[in-house]
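Order as written gives the chain letters A, B and C; numbering starts at 1 within each chain.
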Amino acid sequence: MKRRSKPARGMKRAALKLTSLLLFIAVVATACGGGGAGSSAEGGSGSGGTLSIAMSAANIPFPSTPPNQGYEGYRFVGNNIYDGLTRLDLDQDKTLPSPQPALAESWTMAPDLTTYTFKLRKDVKFHDGTDFNADAVIFQLDRLKDPEFEYYSQTDAANAASAVRYIDTWKKTDDYTVVMTTTQKYTWLQWDMLSVYYPSPAIVKQYGNQDYNQHATGTGPFTMTKYVDGEIMELTRNDSYWRGAAKLAKIVLYPQPEAASRLSMLQSGEVNWAEVPSPDAVAQLKTDGYQVFLGKYPHGIMPRFNMFREPFKDNLKLRQALNYALDREGTAALINEVGYPAKQWVYEGHPDYAPDNPGYSYDLAKAKQLLSEAGYGPGELKLNFGYTTGGSGNMFPDVMMQKLQADFKAIGVEVTLKPMEWTVLLSIGLDGLNSDKWDDIDVLWASPAAGMMPTLYNSAYMSKRPGGQPNATGLNDAKIDEYLTKASQQAEPADQHKYLQRMMDQTVDQAYFLFWMHDLNLRVMAPEITGYVHAQSWWVDFTTISVGEN
Amino acid sequence: MLRLIIRRIGLAIPTLIGVSIIVFILMTVVPGSPEAGLVPEDATPEERQAIRDQLGLDDPLPLRYVDWAIAALQGDLGHSQQRRREVADLLTQAWGNTFILALVSAAFGIALGLLLGYLAGTRRGKIADRFISVVSLGGLSIPSFFLAIILLGIFAGGLKWFPSGGASFDDPITALRSLVLPVLSGSLITMAITARVTRAGIVDVFGADFVETLRAKGLTEFEVRRHVLRNALSPVLTTSGVQIGALLGGSVLVETIFRWPGMGLLLYNAISARDLVVVQGATLVIALTFVIINLLVDLLQAAIDPRVRGAIA
Amino acid sequence: MSQATVPVLLPTGFGSDVSNADREEARRRRDEWNAVDQSVRSQSFWRDTGKRFLQNKTGVAAAATVLLLALAAIFAPWLTPYDPLLGEPTDRLQNIGSPGHILGTDEQGRDMWARVLYGGRLSLAAGFIPTVVAAVVGTIIGVTSGMLRGVVGTVLMRFMDMLYAFPAILLAIAVGSSLGPGLTNTIIAVTIVFIPPVARVAEQATRRVVVQEFIEAAHLSGASRFRIARSQILPNVLNDIIVYASGLVGVAMIIAASLSFLGLGSAPPAPEWGYMLNSLRGSLYTTPLVTIVPGFFIFLTSVAFNMASDALREAMDSRL
């Protein structure tokens, strides 16, 4: 028996040797294979520190113009590398941010409301040192609007289509003046211009559209110094930024679609900023000294009824019944109060909020009564509810949908939950619920940036989408069309809001949506972060933030 | 031997073609449109069609497949509009990351498995054997994502010993630290299987007649063990090959949880985004890896164990 | 990784780990069986297997655990007063051992014990059904191609090889996302994943049996192919299949749970264990023990099945 131990030890030694050898090889391989810049945790030159962010996107947004990954791409990548002609005043949290001069020093609207003249800022340089001027503006508009242009980018054009839809012509009148005409009377071009970013024409010409992303160059407060698709992006302070250099030395971005994993990243200290971590951890995080930010902003969950057919077409009482059946407070409790009950599409305090319309409370008796008036006894109505299981900016679909299912069951309406991937939900938005593929869906999840920009109402509200297609869920109300169109043709913002309020009023009266939850934009940061402003927006001003002793 | 290799490669080609056709068909029946992530929600039919044309989505299916296959044969795996990258680039990057994780996981799992299996096999019925059996059975039965979550909770969130994810290769120490948790979660099953197969192999061979013959011939116990190991190693080799093949395919769950940008995560994300060219390319690479590993295993086995040579030729 | 398990039990050079001594032993035993009348033979074989199984204490314990889990799932309504789908928001995330909720409550305020019990129905179904269906279909394919060998056999097995050439979980994800979420689709996906390896086991076993003399004898006696398959080959292949398939149940559960974990499996509010684990992840730091509960049950069931499978293998004395 004793003799056995010797070869066993030999075996063990061999195994250990093998392991250490392989580990060594792996280490060498990793060291060689990684490449890229030095450790991201270092602060870089000067003060301000490094902000490391766990985003909720599944990938690093493209640094293209525009970026992808929705508003998260604009928030972290777009607004940091680039500027638009206009920008939002994100350095305050008192009002809804609105367009302010940026690359355009000022703009004027001709009295006919179809011509915009933008005066450009003169002292602005791209990160590569070339000048920003009217040619750069024309270059980018050509890239997005003129299929004949040498540097026309089909993908960027498709992605930016909404923002440049109303531009009819564009020309420079001198080196620092650009004139744009619109396809119709239109007074929201300054909103559209927020998300048209200007890349350095020299860089686009040098690398072409195909390879541009690896060399993204703009005029923004940060320059892109490292970009590994799928893994990491590093942004470094642009010391000669025209608005004055940002305080932060660096921003490092990590994609992490899982809320629980973002929480782990924050807790293990890999990041000092986490987007929407699991809400149940909030109390713990506060105890641990983290800064937890919550605040109203234009984002809500407002499911859309299929208005192409029964049961919701021409059945106001049924739509109202379901709105009364929603236990919004209960839903808020389930997500640990990181959202709050919605009365209208936009939140109370938003300039487009219709005053004097109480909306729908949680009222089971009323809901049951309306349901029977709508022609359905308990157990007679079965609904298919399509919703997404993921995608950033969707709050907490699984938790909320299970609550909704229980709420509707309480008045005798069966809901079948149809979870779908985010891509599928987007596809439905394009195809419309009248398409054969999706016509079994009765109610569709929607997570609009409700009221962030007036330009965003169109696709949910207008009876026709651009190109003459019907509204994706079949909403068709001449009054709404009129209010929304008129709003976009008022020179004065006050008048615009007046029409939009009427639109909201009509929408609530007609119960075109399930007015369900507003998001509170949960964001958690390490204690050493200062200067952050929790604006009423999806976007953030990173120039005011610093990390470390200040 | 050469003829064997050629024959096996010949057999692999229809397999690879078949795999890519199956995946191609699967991807075309997946609900949702590939262009959905590329155009805004209020895109006009024309804007949408332009992108569909660019992606070639409306060409007849067989034509799309043949176009892809011909290009792939010429080494062009296409360009991903969703990722705006050459598919070949994406695959190289992801495969490299998976390769590192798979190699370390396999090395760790197989080495530990061999050791445990050997200890258990040579101490059949003893406490060590029972203990190791329980451990390997547990390893076989624990879902990797469950283990990953527990490890994350304890070692990343709680103790902060290791990062919660990401493949950071800036320096060897960071690289090692970022490898620990994914390797532990991903290699447990390899360890368990290797241990079980090793143990079974050793028990079998010890029970075989030829061991007695060897002993009778007067070989020392050490030499007997050498023979035993040599014979017991063959099945271990086979399972190890399969394990390495599977690990090289990328562990979707481990890679998702630990943000490890490898093949599994790439393929999973591509399926979610309906990024057909990436799905096709990744599948091809994974299947190819699998086929090559199997071939290598068979060849190695033939080299070690003459009995096998006849069987696979 | 869960996906690895399928390939592992089924190496390419399957059967190569069988020593000649084993082959001799197996042949001797088969000859013995063949010597006796067929019905008597199979009866006594199963009786012996059963006897041997009952002597194995771990095996019995494991089988008892499986049985207990199954019974608990079936009789869930008698074991808990709670509705597994309906929660009380004010009672959410209670810890283990809190009054009225032995296993605590989940993020919706639903009783975890109730959810685990009812969820057992889904998770066990997700483990059992694919295994049984794949075992049947795979055996038919494997035996057919093993007997025919020619073009049909080759084509069938080539097709199986294709499905087999990429990791199980990735195949399951691809199939799962084409079918859409839902337990039924998960079961279909896992079944498709399992058929190729079972078919290979069956094919290899068939080939081994086909060359035996007694098949020759049956041929000579003029029996039809189907009859030979049914009366001679199947009984001999079956124990290999049973042993192999019994090891797949745990794997099936893990793959199903993985799909749920990725959002491609059971749709909420179904209390499938994998889905429960995923939805509780956010409370890992608040109520860690509650979060672990569903994972623990997946683990427990899987261990029990694997142990029972090991015991069965020993009892059948299969060399798989």
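Here, a contact is a pair of C-beta atoms (placed from the backbone, for glycine too) under 8 Å apart; a residue touches a chain by one contact, two chains touch by 3 or more.
The structure displayed is predicted, hence computed values, not measured ones.
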Legend entry - Middle chain, criterion being Cα centroid separation: B
Inset, instruction - Could you tell me which chain lies farthest from subunit C when each chain's centre is the average position of its Cα atoms? - result: A
Legend entry - subunit A and subunit C: spacing of chain centres that average the CA atoms, whole Å: 44
Legend entry - For subunit B paired with subunit C, centre-to-centre distance based on mean C-alpha positions, whole Å: 21
Inset, instruction - Just give me the whole-number Å value for how far the CA centre of subunit A lies from that of subunit B. - result: 36
Legend entry - Where subunit B touches two or more other chains, by residue: 31, 149, 152-153, 157, 256, 272
Inset, instruction - At least two other chains touched by the same residue of subunit A: list those residues. - result: 258, 260, 263, 267, 420-421
Legend entry - Multi-chain contact residues (two or more partners), subunit C: 177, 180, 281, 284-285
Legend entry - subunit B - residues contacting subunit A, complex: 31-33, 35-48, 50-51, 54, 79, 81, 83-85, 90, 93-94, 96, 99-100, 103-104, 107-108, 111-112, 114-115, 118-119, 122, 149, 152-153, 156-158, 160, 162-172, 174-176, 179, 221-222, 225, 229, 256-257, 259, 261, 265-266, 269, 272-274
Inset, instruction - Report the residues of subunit C in contact with subunit B in the complex, numbered from low to high. - result: 1-5, 7-8, 10-13, 15-17, 19-22, 158-159, 161-163, 165-167, 169-170, 173-175, 177-178, 180, 250, 254, 257-258, 261-262, 274, 277, 281, 284-285, 288, 291-292, 295, 298-299, 302-303, 305-307, 310
Legend entry - For the subunit A and subunit C complex, residues of the former touching the latter: 258-260, 263, 267, 278-281, 283-284, 330, 333-334, 389-390, 398-399, 401-403, 405-406, 417-421
Legend entry - Touching residues (chain side subunit C, partner subunit A) in the complex: 85-87, 89-90, 92-93, 107-109, 177, 180-181, 263, 267-269, 279, 281-286
Legend entry - Residues of subunit A defined as touching subunit B within the complex: 3-4, 6-8, 11-12, 15-16, 18-19, 22-23, 25-31, 33-36, 38-40, 58-59, 62, 64, 68, 154-155, 157-159, 161-162, 165, 210, 213, 228-232, 254-256, 258, 260-261, 263-265, 267-270, 420-424, 426-427, 429-431, 437, 458-459, 465-467, 469, 472
